[in-house]
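Here the chain labels run A, B, C and D in written order, and each chain numbers its own residues starting at 1.
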Amino acid sequence: MDSRIIIFDQVSKIYPENITAIQNISLSIDRGELVFLAGHSGAGKSTVLKLIAGIETATHGSVIVNGFELSQTKLNHRTFIRQHIGFIFQDHKILFDRNVFDNVRLPLDILGYSEHLIKARVAHALESVGLEHKTHVMPEQLSGGEQQRLCIARAIVHQPKILIADEPTANLDRDNALRILELFKNFHKAGVTMLISAHDESILNDYAKRIIRLKQGQFKG
Amino acid sequence: MDSRIIIFDQVSKIYPENITAIQNISLSIDRGELVFLAGHSGAGKSTVLKLIAGIETATHGSVIVNGFELSQTKLNHRTFIRQHIGFIFQDHKILFDRNVFDNVRLPLDILGYSEHLIKARVAHALESVGLEHKTHVMPEQLSGGEQQRLCIARAIVHQPKILIADEPTANLDRDNALRILELFKNFHKAGVTMLISAHDESILNDYAKRIIRLKQGQFKG
Amino acid sequence: MKLINAHYRSIITSITRILNKPFEHMLNILVISIIIAILSSIFVITKSSRIWETSNINYPQIMIYLSQNAKQSDVSKLEVSISKFNQKLIRNYQFISKQQGLQELQQDQQLQMISSDVITESSNPLPDVLIVNTNTANPKLLSQLIERIGNMNMVDNVQMDTNYANKINDLINFIKYIATFLQIVFVIVFILVVYNMIRLQMLLRQDEIIVSRLIGASDSFIMRPLAYYAILQVTLASLLAYFLVNWFINFMNGLFSNLKYLFGNSFLLTNLTSLQLGQMLVILIIFTIFSVFLAVQWVFKHAHA
Amino acid sequence: MKLINAHYRSIITSITRILNKPFEHMLNILVISIIIAILSSIFVITKSSRIWETSNINYPQIMIYLSQNAKQSDVSKLEVSISKFNQKLIRNYQFISKQQGLQELQQDQQLQMISSDVITESSNPLPDVLIVNTNTANPKLLSQLIERIGNMNMVDNVQMDTNYANKINDLINFIKYIATFLQIVFVIVFILVVYNMIRLQMLLRQDEIIVSRLIGASDSFIMRPLAYYAILQVTLASLLAYFLVNWFINFMNGLFSNLKYLFGNSFLLTNLTSLQLGQMLVILIIFTIFSVFLAVQWVFKHAHA
């Protein structure tokens, strides 16, 4: 078994109207590795993460996740890969028509878990992010930071093999941010492969095993 | 004319189900002042800002903005006050069904500006935040930081008397954050009253004229 | 000036919205126009049948058989008393003398065989007859009328096909019944569909509405484009319905002209006049604005901002 | 096991959705049910009128006048040849002898006055008559039939109210025309309304669909609750429509029983059998699933994720 779980081989992503987000990037990430992705606004961080989850498709080069070359994988199989990834979206993508509990259970519904297991798992995930007292609250009644933590709970509830977090601490004060990073560290210890983007490197220094720096779609130093 | 444009007099805000967000806060802000609001996630920063814009109503005490006691002002008059406030929402509130230009023009439409003036004002606002090259792009094609700057452009396009920004730099890298703060400083110089919340105080140090620190709904030190 | 500009922009906005997603909006317009078309068809049919009803012999005839020894002067007297009856009861009458009666009888194929040899001009057993065309199908009024005529001088016998009278009366009531019933059903359907259309439109634009409110939009700023949108929809639907009804009328009139002999006179559907079309449109638009108002209030309450 | 669980959850979800916003969904159900009710009413009416059509004397009668010197044996021969005609052309026939004809004639009020003195049993000018009830209203077939009968032995004269035949034929075609026309219109309306309902449902749940896709939901995971939702709506609407039609039938039958004498026999609408109801439901549901599929594909294309 290949020790590398994510491989980028000379990947470029050009959005419509010739907007080059990523240019000729190659990288590989081992199973269980913890990698940070840093870079200015518009550097291409989110694009890299979306390519891994198969949400965007590379224009050139190949993206291989868990042995699958994504651009050659059928859409239905790509959604299957997503089921094994936890994704914390930069714009949250919270569903405002249902309460915190029902937001967090969504990945488990997709995987077809039983009601019993769902209750236990959701409770555990909410506890990890410190939202256990908001279980039955509607998302619009949460503060910005609480919403962010809700997204984290949804991404980890099905205990994915790969956890991708796009600026997971952007809306959090230092204490809460450190708490979340601590949580991620535990995941890392449990063998989860992790990719975390951040525009603010200062908070990473204690944790960074490996930092990839992007600048205008290319690797930097 | 009262030099104070915003007055909180023993204000408390208790959300449904007895969630106390703000407890017995009194403060006053002078015309043209620049004030920062700091505090942990859930401290009540957004609540204070929403009370000023009349989006939420105080449970106890009185909130006076520009001479109007908001809780005694009719809804229609409250929307009138909002027209003179620029609000940068923590959750952006971008309309994804229209392009950047049409998002930014919205406040001018509400004020009934002519097409000619709208074009000039929007162009100028987009330029101030560095989004002039994205004028006709759909918001979903913007990176997280670009979306945040779009919100800032919409809040300043009608040159409001009061500018309220709820974590305007949360999604921005340091360079872009400093650029935005520089922009705010220029507004401040032009006489706009400004209230900016942030969970991260480090970036404020160079600018802070006055910092109000919240902790669990109350003033702190 | 600002207000005119605002209205102008709202109109442009709603037209652009419809042009941007023509298929979706066409569906709505089509459904609404079908409902309006059905409503106006029912209106057209009842209106036309009322015209047809009054201008055609479809009310029962009363046959007055005079006694054999009635003279010309008796007939004249009788005619005078009958012409005094209310227009609403009697439309006109017709005198058929013994001689005319005989001629008609001789033209009847089946009777020819038996009558030709037996009955001749000299031995005419037929009475003079006065045929009265009534103007009502109400059985009560008709039986009163028959009683009064029966008591007149020189009247031997009065006959009316009461069965026929009842039939006509029932048929007319029946048609009115069904027409009213269908009209009520389709007015309700129209109300529900328009209200629902606007509610859904608002739900689909809920983000826009909430954000606009938050940055200071007034109720009217939000209502205006929705109202124009709905008015535009209903107007387009009404026009489409007008053409549908026009086509339906032509189609039906084509059929009716083939069926001409089934009805006393040719039954013709007449289209709505432009005045009626205008009135209908105004009523529909008033209702539409009211619906928009209700729908907007509903969303405001649920968006509480 | 997982799949059954998933289906079970989808059903529960769609029921909860309907129960959570009963008013909105009731509107949809009502509109759909009215359309279904109209469709099934048309079906019921055409079905019932077909039954009525075959069981009532509404096809033209042919009167065969035999020559005066026809004997009993001639009549029998004639009856045999007529009974050989196709069932589709001739339902039955009835022989009326001179004597019977005379008796009937003597009972006719108007003729009594002239015939009683003149025509007696001994000097009976009437012919024997054979009345044939036909089974078709097709003018071409009827005139062929008349020609063939006219050429038969001892037949003096063949008469048919061709005018009446044409009327009946036209009327039947006319009703079929309109029924078909209305059925097509309302099937189209049904398609548009259901498709639109699901599309709007999906637009309203677009966020949910997009987010679900992004975290790995398959097409069927997204389609399932929507399909159940739509099926539930259509099923409820069908049931409601069934009651509406039932009520309509009772209402109409009440009216018809008053109008009994207008129609040869009492005209009765019969409701859909439970088999027909089941068939209708199955067809509607198949169509509904197809609509859901189309609508889902449409949204997937536009959400391209």
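Keep in mind that, in the parts below, a contact is a pair of C-beta atoms (placed from the backbone, for glycine too) under 8 Å apart; a residue touches a chain by one contact, two chains touch by 3 or more.
Just so it is clear, the model here is predicted, and its values are computed rather than measured.
Asker: Steps needed, at minimum, to get from chain B to chain D via touching chains?
Answerer: The least step count works out to 2.
Asker: Measuring between mean CA coordinates, which chain is farthest from chain A?
Answerer: C
Asker: Rounded to a whole Å, what is the gap between the Cα centroids of chain A and chain D?
Answerer: Distance between chain centres, rounded to whole Å: 62 Å.
Asker: What whole-number Å value describes the gap between the mean CA coordinates of chain B and chain C?
Answerer: The mean C-alpha positions of chain B and chain C differ by 62 Å.
Asker: Calculate how many whole Å lie between the centre of chain A and the centre of chain C, each centre taken as the average of the chain's C-alpha atoms.
Answerer: Spacing between the chain centres: roughly 68 Å.
Asker: Averaging only over C-alpha atoms, locate the centres of chain A and chain B and give their separation in whole Å.
Answerer: About 29 Å separates the centre of chain A from that of chain B.
Asker: Counting only chain pairs that touch, give me the topology of the graph as line, ring, star, complete or other.
Answerer: Basically the chains close up into a ring.
Asker: Report the complete set of touching chain pairs.
Answerer: Chains touch in the following pairs: A-B, A-D, B-C, C-D.
Asker: Contact residues on chain A for chain B in the complex?
Answerer: Residue positions touching the partner: 15-17, 19, 39-42, 45-46, 90-92, 137, 141, 143-149, 166-167, 170-176, 199-200, 202.
Asker: Looking at the complex, which residues from chain B come into contact with chain C?
Answerer: Touching chain C from chain B are residues 53, 55, 76, 79-85, 87, 89, 93, 95-97, 106-107, 109-110, 112, 114, 154.
Asker: How about chain C: which of its residues touch chain D in the complex?
Answerer: Spelled out, the residues of chain C in touch with chain D are 24, 27-28, 30-31, 34, 105, 109, 111, 113-115, 117-119, 125-127, 159, 163, 166-167, 170-171, 174, 177, 181, 185, 189, 192-193, 195-196, 199-200, 203-204, 255, 258-259, 261-262.
Asker: Spell out the residues on chain C that touch chain B in their complex, using ranges where they run on.
Answerer: Against chain B, the touching part of chain C is residues 2-3, 5-6, 9, 207-208, 210-219, 221, 305.
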